[in-house]
Amino acid sequence: MVEALNLALKQEMKKDPSVLLIGEDVGIDGGVFRVSDGLINQFGKERVIDTPLSESGIIGAGIGLALSGMKPICEIQFSGFIYSGLEQLISHAARMRWRSRGRFTCPMVIRAPNGGGVKALEHHSEAMEAIFGAIQGLKVVMPATPYDAKGLLISAIRDPDPVLFLEPMRVYRAFREEVPEEEYTIPIGKAAVVNEGSDVTVVTWGAMRWLCEKVISAHGDKASIELIDLRTISPMDFETILASVQKTGRCVIVQEGSQSFGVAAEISARLMEKCLLNLQAPVERVTSPDVPPPYLRGEMLTLPSEERIWRAIEKVLNF
Amino acid sequence: MSLVENYNPLADPIYQVMDENGMVNEALRPAGLTDDLLLQMYEEMVLTRMADDKVNKLQRQGRMGTYPSMQGQEACQIPIAHNLKKEDWVAPAFRELGIMMMCGVPLVDIYRYWGGFESGSKMPKGVNVLPVSIPVGSQLLHAVGIAWGLKLQKKSGVTVPFFSDGATSTGDFHSALNFAGVYRTATVFLCQNNQYAISTPRAAQTASRTLAEKALAYGFNGIQVDGNDVMAMYAVTKDAIEYARGGGGPVLIEAVTFRQGPHTSSDDPKKYVPAGEREMWMKKDPIARLQKYLQTKNLWSEDLQKEIDVRGAATVEKAVAEYEATPSVQIDELFDYVHAELTPDLAEQKAALQKALYK
Amino acid sequence: MVEALNLALKQEMKKDPSVLLIGEDVGIDGGVFRVSDGLINQFGKERVIDTPLSESGIIGAGIGLALSGMKPICEIQFSGFIYSGLEQLISHAARMRWRSRGRFTCPMVIRAPNGGGVKALEHHSEAMEAIFGAIQGLKVVMPATPYDAKGLLISAIRDPDPVLFLEPMRVYRAFREEVPEEEYTIPIGKAAVVNEGSDVTVVTWGAMRWLCEKVISAHGDKASIELIDLRTISPMDFETILASVQKTGRCVIVQEGSQSFGVAAEISARLMEKCLLNLQAPVERVTSPDVPPPYLRGEMLTLPSEERIWRAIEKVLNF
Amino acid sequence: MSLVENYNPLADPIYQVMDENGMVNEALRPAGLTDDLLLQMYEEMVLTRMADDKVNKLQRQGRMGTYPSMQGQEACQIPIAHNLKKEDWVAPAFRELGIMMMCGVPLVDIYRYWGGFESGSKMPKGVNVLPVSIPVGSQLLHAVGIAWGLKLQKKSGVTVPFFSDGATSTGDFHSALNFAGVYRTATVFLCQNNQYAISTPRAAQTASRTLAEKALAYGFNGIQVDGNDVMAMYAVTKDAIEYARGGGGPVLIEAVTFRQGPHTSSDDPKKYVPAGEREMWMKKDPIARLQKYLQTKNLWSEDLQKEIDVRGAATVEKAVAEYEATPSVQIDELFDYVHAELTPDLAEQKAALQKALYK
């Protein structure tokens, strides 16, 4: 996925001279995950800029850059360090269009690696996408594949409004996939039906998609599983979920982050409202518990596992 | 070396051109600052005070929302407008009726904002004034980002964020001045030290002797100016803006002034302003001071004042009339500007709400 | 409610010399809502302290005060200004006990007025309690009555862990209620059944409780409505909700904040999991739409109204 | 007037007692700094480097997590411990193995933390060292808060937050120094300017000439010290800590040093450190420098070094053995410390997880 993101950045920067990259160590270092590797050589120090260490500064100055006519891509080194920038994100980036009735806008992308499972240090494995979903005026995107990463990042860069682009670290180098050299976009706000099935719908996003695919590989003979990759957290493509659950009557939501107040709750609540009568079983959530992400020794204990996912599927099938 | 470069905030006294009695140190008076211009600024300051006071009155009658009056800070704002060009940007906090109006925001829109209509922040095209920014200190970064963006685009343009003493304690003040120093943006930070952040006095906000000297921590200079001296404010901002425009980098200006009114219409300064402090500052009132000077020069008369008052009242009344005719807020505008396009969720919620409200 | 909070502060400060109040304008001004009125005179400048204007500073230094053996009550002037302090709140206050396996703890209260409906300025009417609920290790409390405010604030002060105490501004001066002079506590994590009923359960919290009570007054003859005031957002007293909905089979959740990714979604998802078969109708949410809180002219358009609440009740009753 | 009060960060040269060749300016050498103490600190620095290097080795073998080595910064940490009392507090960032070990955190616990066991942060009772703080700059406020709390409780105690150049750009640096200035807390801010924040050089972090001078913005003093000079570090921190303990207020110390290794085990400094820079700094290595001095004084010999190495290796190996015997992380501890008591939700989730994992 790292290469796909790098390619998307390169192509958009080449195409649109107003696109620039700012963040901690995005320049000569190419970002701690090498997502911006080589870009400073190609585009120079005025388009790929190492900033002082301040997330609020990066987002706040990014807003100014956007207001000045540029399209900043702001890198937050890990989503667990975005918090000090939330005032700028919530109160300004996401509200400038609304506040000014369209007179001022903030076309900008805030990229951040997200989630755990890579034996990283404390605070480097946060999966708090639900709190970002709650921000009015902000789009929240999370690709799960290299192909989607490229297409969605290009869409995010071209979007006229701020987009928080969360990159599942666990997928950065785990999956190799040939990504087309040519430009393409994947629309923000559209989920993907990754696997068609008729017995149960599994909804997920980010790195959890790969666990779900493994579950399908392992148990596909026992049940016909429809797998939906949300791709965009907000605005959510509920239509696709609804159509699927209306068909299958059963749904399991797999979420990397903690259980309570998560994205899964929102999906479940919407299913409650829109298709209660179609449900053959309660919608199940497979999530991490409501504890901070453990460090590397313990993180696999709390992260959803293939086994827990399969059990939840069994549970709704046997309800 | 420019005035601003020359100043040592750790040692030099506060910069003043005209003293409290309207006596002018002519040696410090900049070329362009003619008596005509002073007369014009006098009228603008009077208009600002009238326009500001009108909001207070409307507020007391329940025709306006909570309002932070800028009374006493007119000289911190009016002269800056005369030193700005069309290409420049202003990023106000919330106590900036004066500079906003001077830079082309229609008074009616300012009234609309404080009256609770979002449409008040829809600035006219070509007016480079950002909307009011309520989270203290946050707008400084926008001003820095804009200046940085203009520089990267090889465009000219100075940005001026307005803020007050309380804002200097925020993390965003630090980030903004630090980014400005590193990228040498053309940003003139205009701190109106009005002695209070709500009830918290300047001394409780930070232990540095002046706010101006904080600039040194970011590798550029700061200058402390008498913010009730329209001539000093004109001179210093002219110099700072030219310096920034010429590529010199950022400047921090601490304009020492006083918030003559309450923090907002829901505040009572009697609770916390020590006896005599306001009275002491009222003697330094920026409008009265300029009037004294104009009087010495025989440029002011009671008749002139009447004319000015009449013109001001007309301007204000026109804006009030327009403000009061503002159509009520519609569901449409509350939904349609969240994103460039309505999302499916918002479309559904909007339809549902419209149905619920209007059947 | 202001007087009840003031009384709770006064009594706890009198009783426990380690309790102190810090924040913007909490001293001589007594707080912008006068919650700490008179405390500086009674307890002095070393126990009621005006801080510089920095929410991160208030919470971060508050953590240090707690570590030093004190019990700081940190006032955030409005919940809409807490964002710059979220790094301290999420990554430190709420995790210090967990991180140090109990060696260091942060007994502290973060108070903040919350919600709209009082014609306040922009950013002064946020109702983002859901994002605080998503913070592991943080308790989130919101009283709806003066009586509860006093009892819950005392509990929060005595709690060994950080508590975010959200005070519904709309209730500050709207309701007069005699509050006992003596000390009493209301347990954190316990909801209140405010009105018993058998046809439908209405779950709410904060200022919305009063709208719901009005709905009951107006329509109590048409339906037997059980009203639950959540009082604590997290940890949630789901047991009380479950017992009620198992009885009534119908539930409406009334939430002041925006619809998506809210507290209501979590409640609905839990009902889905725990009592699907008891439900006679889909759980309904009555919320604000997913737009920023409008300013004073428009806020009543988007806030839940008695009428919208009643219609939702009718809808689940007639399902 | 104390050394720290006397220093002018805007004008004075970096404070040094012992130069790169181990030559000492005896006039600046403080009383307590005996040769015995230097010998002791020499051994402590060597041990620190061995203990630190061991993590790198274990990391490469997959027996440790990502690790930020402190190699090169030993003189910024070891002497401070000798100037602290039991009542004092240390708030480390993440590159502080040396000061943590010196202040009583068992080496095995430091290893546990970096090895991915939360239990490593359960400091022994009476050890006033906060856990590692990863969010850059955040721990400064805790140190200020503790000092403030002690002061309010009329207790004695100095707090020392450790951080590096990158942290000076954070909003929390600003808030922490500002609060410290306002409340005159007994806080000695120890900035190890190791020239880099990951790949970002000091010059890109801020435009001020020194980091020490940033203190002025908060109404207290700062001093720039040679952070590879253990004598200067001892002298300056002794003075600053005494000054703070005596009620003088906070001090900012900029210890100029160099991060000899990569940012962490997942970083490659060859990408960004200019050719020759590391070599230049290696010549200033704090341990080698002290060794030179000891040699001149005939206090060092190959035999002694062997003894020191053997003792150090034993300490390190013992800690490694204990570390490797750490019991695996249990579900219990992941749930039981979220709050003082398990909430009903957590109890339910814990039971469910235990069932799922262990059937």
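Read from first to last, the chains carry the letters A, B, C and D; within each, the first residue is number 1.
By our rule, a residue touches a chain if its C-beta (ideal position, glycine included) is under 8 Å from a C-beta of that chain, and two chains touch if they have at least 3 such contacts.
From a predicted model like this one, the values you see are computed outputs, not experimental measurements.
Ranking B-C and C-D by contacting C-beta pairs places C-D first. Of all chains, the one whose mean C-alpha position sits at the greatest distance from that of chain D is B. Centre-to-centre, using mean CA coordinates, chain A is 30 Å away from chain C.
The mean-CA centres of chain B and chain D are about 44 angstrom from one another, to the nearest whole unit.
Averaged C-alpha coordinates give centres for chain B and chain C that are 36 Å from one another.
A separation of 40 Å divides the Cα centre of chain C from that of chain D. Contact with two or more other chains is made by residues 52, 54, 56-57, 80-81, 84, 87, 91, 98-99, 122-123, 136-137, 236, 260, 290-292 of chain A.
The set of chain B residues that touch two or more partner chains comprises 118, 134-135, 169-172, 174-175, 178, 182, 204-206, 338, 345-346.
Chain contacts in this assembly form a complete graph, since each chain touches every other chain. Across the complex, chain B is touched by residues 24-25, 27-30, 32, 50, 52-54, 56-57, 80-81, 84, 119-124, 259-260, 289-292, 294-298, 301-302, 305, 307-308, 311 of chain C.
Listing the residues of chain B that touch chain C in their complex gives 65-66, 94, 115-118, 132, 134-137, 166-167, 169-172, 197-200, 204-206, 266-267, 271-272, 328-329, 331, 334-335, 338, 345-346, 349-350, 353, 356-357.
Of all the residues in chain D, the ones that touch chain C in their complex are 118-119, 121-123, 125, 130-131, 133-135, 138, 140-150, 152-153, 159, 171-172, 174-176, 178-179, 182, 333, 337-340, 343-346. Partner chain D is touched in their complex by these residues of chain C: 18, 20, 46-47, 51-52, 54, 56-57, 60-70, 84, 87-88, 91-92, 96-105, 136-137, 139, 159-161, 189, 235-239. Within the complex formed with chain D, the residues of chain B that make contact are 10, 169-175, 178, 181-182, 184, 204-209, 213-214, 216-220.
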